[in-house]
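A short write-up of the structure that comes next.
Letters are used for the chains, namely A, B, C and D, taken in the order the chains are written, and counting of residues starts over at 1 for each.
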Amino acid sequence: MTDILCKTQDLKITFPHRLGDFTAVHGFDMEVRRGEIVGLIGESGAGKSTIGNAIMGLLSHPGVVSGGRIELEGENLVDLSDTAMARLRGGRIGMIFQDPMTSLNPLMTVGDQLSESIAILQDLPLAQARQMAADRLDGVGIPDAASRMGQYPHEFSGGMRQRVVIALAMAGDPDLLIADEPTTALDVSVQKQVLDLIRSICVERSLGVILVTHDMGVIAETADRVYVMRYGKLVETGPTAQVIHQPTQQYTQDLIAAIPSIDHREDRFRNPAKKTGEIDQWLLQGHKGEGSGDYVTASALTKDFATKKKSFWGKAGSFRAVDIPGLSIKRGEVLGLVGESGSGKSTLGRMMTGLIPPSSGSVRYGDHGLMTDVRTRAARKALRRDVQVVFQDPYSSLNSRMRVDHILAEPIRFHGLAEREETPRLVGALLERVGLPADSGRKFPHQFSGGQRQRICIARALSVRPRFLLCDEPTSALDVSIQADMLALLMELRRSLGLTMLFVSHDLAVVRQVSDRVAVMKQGQIVECRAAEALYDAPENEYTRMLLETAPRATGHENTQNMRRAT
Amino acid sequence: MSKNYIAPLVAALAVSTALVAPAQAETLRIASQGDATSLDPHSHNESFTNYFLANVYEGLVARDKDFEIAGQLAQSWEQVDAKTWRFTLRDGVSFHDGSVFAADDVIFSMDRALSETSNFKHVLASVESYSAIDDMTVEVVTKAPNPILLNDLLDLMILDKQWSEANGAAMPINLQAEEKAYSATNANGTGPFQVVSRAQGEKTTLAAFDGYWGDAGNVTEVVFTPINNAATLVSALLSGEVDLVMPLPLQDIPRVENGAGVKVVSSAEARTMYIGMDQWRDQIIESPVEGNPFLDLRVRQAIAHAVDAQAIIDRVMQGQATLATQYLMDKVNGYNPDLTRLEYSVDTAKSLLAEAGYPDGFEVTMDCSTDRYVNDGQICQATVSLLARVGIKVNLIAQPKAQFFPKVVAPDFGTSFFLLSWTPSTMDALNVFQNVLGTRDLENGKGAWNISGCSVPEADALAAEAAVTMDATAREKMLQDAMALMVEDVCLVPLHVQQLVWGAAENIDVVQHPTFEFPLEYFNVN
Amino acid sequence: MYFLLARLLQATIVMLCVALVGFLVFQFVGDPVLSLVGQETSVEDREALRESLGLNDPILVQYARYVVNAVQGDFGISYSFNRDVSEMIADRLPATIELVMLSGVLSLLLAIPAGIYTGIRRKGGIAQTIMALSVIGVSIPSFLLGILLILVFSVWLNWLPSFGRGDVAVVLGFRSSLFTWDGLSHALMPAAVLCLFQLGVILRLIRAEMLEVLRTDYIRFAWARGLPGGRVYFRHALKNTLVPVVTAIGLQLSSLFAFSIITERVFQWPGMGSLLLHAIGQSDIPLLAAYLIFVGLVFTISNLVVDAIYVLIDPRIRHGAL
Amino acid sequence: MLERIRSDFWYELLNSPVTVVSAVIIALMIIGCTFAPVFAPHTPFDPATISIMDNNMPPAWADGADPRFLLGTDLQGRDVLSAMLYGGRISLQVGIGAVALSVVIGMIVGLVAGYFGGMTDAVLMRVAEIQFAFPPILIALLFNGILKASLPADVFAQAAVPIMILAIGLAGWVQFARIVRASAMVQRGQDYVTACHAIGLPTVTIILRHITPNILGPVLVLAMLQIAVAIVTEATLSFLGLGTPLTEPSLGALIQIGSQYLFSGIWWVVIFPGIMLLVMVVAFNLVADWVRDYLNPRLR
């Protein structure tokens, strides 16, 4: 096969450690041809990024290629000297990093950075390089590129920055492009555009692309062939469609099965098996019978944030993060709140739970009345007991200096829900209820995996016997398989304990799985709010439709399928 | 800092400095631990300042090379009668600004010395009146016959009337006041040297005054640099950056003696160190003890016995001092050779204390300067540990002279136990009685430095008589007897007479006076 | 420029507060009346004096008066020198300035390259040595170092003068001892002592910043783009390193002034520092107060300069993005 | 896993012999100085036991030495070794005391400013900035100077150590306030704090039980560095004559006295205290550096 651009043979990468070496990748084989996009997918820790870095010769200390070959057009990169390797970078191999916000030097204009790369890689005089740079920027779809050359990275939006990054990576016209999670930090709408850009570049320049990602959707949208990885080993490979639709390996099957569908609500989430831990009675204690009606109602709610004032004497401006006429959640209902980053969904969520005060408008709780009326210490305590939160980042949401049992015992003791002596038993029971061993309380948060931490967070939320739970992107930081379990757990708890929930997420698929009703937010406003099924199947609002359109589907889009056939 | 980076530069500098050295042969570079506090000859009465200014200003009389009193601005004088002195002024003398010296300048200066803000009233304490007979003659009438009028007049510096009045310096600087003073930074005298530049605490440059009436040495320029760090002081001398160091820190004597091109010059100084004890308060201050132990003669004797002055001389003073038997050095007129010092004996001291009712001693606070006398701080510490052995617990407050003196001198006399010393500038015992030993009588300017407030009326009487006795031998006898009385009463505990020790470059001739004067006109650079 | 205007406003406030402290010290440490008249003055006379001095006015009025005078460079009269405080400062300032500048420049010249080097080759032997030395540098008390230098270079080797300021020459209207060999030879040791501490601090800071920056994505991306080492280090890393370093250097300037006090004492350098020590020794309050305000001024100005430099290096500040 | 972390600590520590040595030195010095009365062969602060007759004795190994005085005696006949131990005690007292004071003030100000932000923050930080206008050593110097000018001499002499602690402590709090504020602001943004709000915990509890433990790391590092600085500052003040009284000298005062005899062949009175001071400070710096790197693994 002559047109094989890059291949790895029995690639082995180890990170030496005094307590025994850790092998991140063992025996990995891969081929990349010109003009094709090869997807490299796996969950966190699968070693996929490591392979990208290895090909680039930028393994992070102390990692080393401990075996096998990396070939670029027959030349083995493994035994190349650093200087030789350095010459390959940019010229033969380009790379795109995950976060466009941090990939660019904040103190240099975009034009300078690009023309610098071009001048060096194609050794051209700077003037010429600048000229070329402008064209390149234009090429990656940056409007009136020439004038934006003089601007600094912070003046570009996320998507635009990623385009600049791509232009930079392409500055030396490499043969191979490694894209490491190129769209993970971007909104779905933008994500689509960037992927399309990569795709088109790949086609035009018959470029080999390695697309490293954790998102099956992205693969399905973009890749021609896919390599599925787990624990540094190759699990399965083949043409994308085949791997997705007839996976041969168990792991792949589970992986794909775990991906929540955006097109229908799966039954396991709609009515999950109702478990009852012995703690449920305790959790349900002191709940007045479920009346009907709204649990919480927000009316004419707005939130303004002050913005930096531009002129010295000028007034500090403010921008309206949230502005909604009203929103209410029925008892026992799960309301999904979707929107792109900066749409104000988290702010709204936090206002609904009283974590941040609204600029105007009011929030009324069925059991507690207007939040503004909740003044006395006792009343506030009661409210705080009923309303709890589960956060996105399982790492920052637990106090790393506190042992888990303290984290769980503190709220129980604070609200006087149990005597000192019975608290430990309750803590154990709670942990078991959320699917952790009862004795995990003696450990510290950093000794748990992301999923386990998220379970601890849920346990903490439950520990005060809440009625209303705000889930703020609870699964966004988790791997797909774990995400599914987490959603299942939440749904099960909701059913068993009859919780009311506000579920905030940017992921339409996830929201669909859990929500009875869904509200779509855009720039602080709710553009559409209807029963989930109705909204997904027949979106009324233009924006909603666009979101649903661009959302990547593991099954792949009809139109992209066509597009690929066309090339 | 990388060494090879500076080395060449350093070398170059070494050469360059070496080259310029001989060019300034006639310049005398003096480093002293203190600086003259002011250029006004009537404000700060502090010996270094006085003797520094004595090179710029002149008095009617002054000590010559051999330490004899001789005419300076006074050509000659005669005693019309016991009380009346007539001075014939030297003519052809001009001030540094060129104006001619005459009688009115003398009268003006005497007025100025007696004015409210002056600290030199004492020099004319014995004077009834003074007047100008003519342009070149001044007559001084004393209240009573004064055998040592000339000695008194040594410290009276003469300023130029016109210059002073023109520059608003008609009055001496008021040390209390926060006010500008021209005379603090400018001088216009008749002396052999005139002030070229003055940066207090930094550098003062004098130049030989070519219009000088007398003959001066070959020194054309004098550069004064105060250096307060002893180590720096010596290193400056050894590295040839200065030609004269005064005083030379005792601990560095051996080094200078062995040093190439430098020498140690030393002679006895008329400064007697002593410990003072509060004898005028009923309750001593800054001490828990009831009443005032020092009122008891036995306690004072005990302290004299307990303080091993010889050890202090040998150890603290490196032998650069002689044991003091009384409050004078032997060269001073009125020294009593028969007196001896109470010998060092812890037992005697203890038993005396026991008799006095302090078998376990007592606690007292001692005030001490750290930068005024040679090793003053260390002397005090030695005293503290010596007294500790007889059970007297001493809390030492050692502080710079700037804080020390305001605390202990008039009007507060804010101390009950202290280290001090005195130099009779007149080289006559009477000066000591008038300032240090005589019963305190501030109105008549007597006993202003009698900080311990001791009082022996018989001694006072003898001193008073001596003050008006013209017969030298009889007078000396009186002074000696008076001194005997004071020593017997242990008014103060005498420690030692310190040596005047300077370090100088080989090629410098200096003249040392027991009073620490440094008359630069007698110095020479070879 | 909004950013700088705001800073200027802050600076003014800072100075006013500093002046307040100076004023309080000036006014209440030691009764100014007592320092003006002898003990024997009668109570009535003192009252009269208080009145005439306006010491009975409301405190704010007095403060205002003090500030106004200070702005006109009138800090009262030193009672140990019987001269205008401002005059005295003016006399001593040049000496200190030249010392501070010489050592400041020295430390920067040495610290920046060394810092970058140790940042890039942090495991290297030379780097390790430099770091070890820098620890000593920041640790050794400057007075101790000064004494040792004198011992070695003045007494043993007799290469350099041990005290004082050398001959002064005028170049381009600037009077400084740095323009003469003699002057330089005098300034060298004090400057070295003063420089060493700063050197250590700045060097370590630059190194730390360098390490931080080299770890950032945009540097990794720069490598991935195939930029040569030199460009990555000096064009991309260094500039980003400088932002925090500049602040620190700004701060160091005022600490240079502070440490010059010690150096000046050890080397008999006739500058502000020895003046301050004299003032303390004499409890010369007007002088103390003035010095206080002076250092405040130095700091405030250096900070303004720093801010200005910021605006130059960091576009994000220019655009109010930070 | 927890064991891993702890063993990591020892592993890293033992991998840096310099640090181990420094730590040991610090330990020894602290013990030696705190129990100076026990270890010191003489009691240099008790004049009764000092004899002027055995002053200026060279160290034991030099000729003309007296075996009673291992490192010789000073001009007062004080045993240099004992004087160093007692002086070192003062230096450590001042160093640690002053830093403790700074930490307390800095923590309070920093936490309040960082947690509540807004106006409180603005005001507090402006104050801090003003104080920052003055290098700590200068503040301590002026503070001491002004007190010396206004207090009666004996009071000042008696209270020398507390005054010094006060001066240096008050001079040093700003840096602590700054880093505490910075990290408090970071912590405040963390979800676990929001979770505490959600639970309804009172602010004080949140600050003390949750935020404070999370910001101690940097404070610890700075504290160690500051102890070194404080010791040097104390020594410097004493050297400038604003510090401890002649009869009870700290290390700095010993060096100041000794420096007068630097060229007089009596080198031991300045060299030994000098070395001790230097070693003490270097040791603190080295340990602090190591702890910083340890707490910030990315630097490894």
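Quick note on the criterion: a contact is a pair of C-beta atoms (placed from the backbone, for glycine too) under 8 Å apart; a residue touches a chain by one contact, two chains touch by 3 or more.
Since this is a predicted model, take the numbers as computed values, not measurements.
In terms of C-beta pairs in contact, A-C outnumbers the other of A-D and A-C. Farthest chain from subunit D (centres taken as the mean of C-alpha atoms): A. Separation between the centroids of subunit A and subunit C, computed from CA atoms only, is 50 Å. Each chain gets a centre from the mean of its Cα atoms; for subunit B and subunit D, those two points are 44 Å apart.
Centroid to centroid, with C-alpha atoms defining each point, subunit A and subunit B lie 88 Å apart. Shown for subunit A are the residues in touch with two or more other chains, of which there are none. Residues of subunit B in contact with at least two other chains: 229, 231, 235, 238, 400, 403.
Chain contacts: subunit D has residues 148, 241, 259, 262-263 touching two or more partner chains. Listing the residues of subunit A that touch subunit C in their complex gives 56, 58, 86-91, 94-95, 97, 99, 102-109, 116-117, 120-121, 152, 154-155, 165, 168-169, 171-172, 308-312. Taken in their complex, subunit D has these residues touching subunit C: 126, 129-130, 132-135, 137-138, 141-142, 145-146, 148-150, 228, 232, 235-236, 239-242, 252, 255-256, 259, 262-263, 270, 274, 277-278, 281-282, 285-286, 289, 298-299.
Every residue of subunit B that touches subunit C in the complex is listed here, in rising order: 1-2, 6, 9-14, 16-17, 20, 38, 173, 176-181, 184-185, 199-203, 225, 227-229, 231-232, 235-236, 238-241, 400, 402-403, 411. Residue ranges of subunit D in contact with subunit A, taken from their complex: 1-2, 4, 11, 190-192, 194-195, 197-201, 205, 209-210, 213-214. On the subunit C side of its complex with subunit D, the touching residues are 10, 13-14, 17-18, 25, 29-30, 135-136, 138-144, 147, 150-151, 155, 211, 215, 251, 254-255, 257-259, 261-262, 265, 276-277, 279-281, 283, 285, 288, 291-292, 295-296, 299-300.
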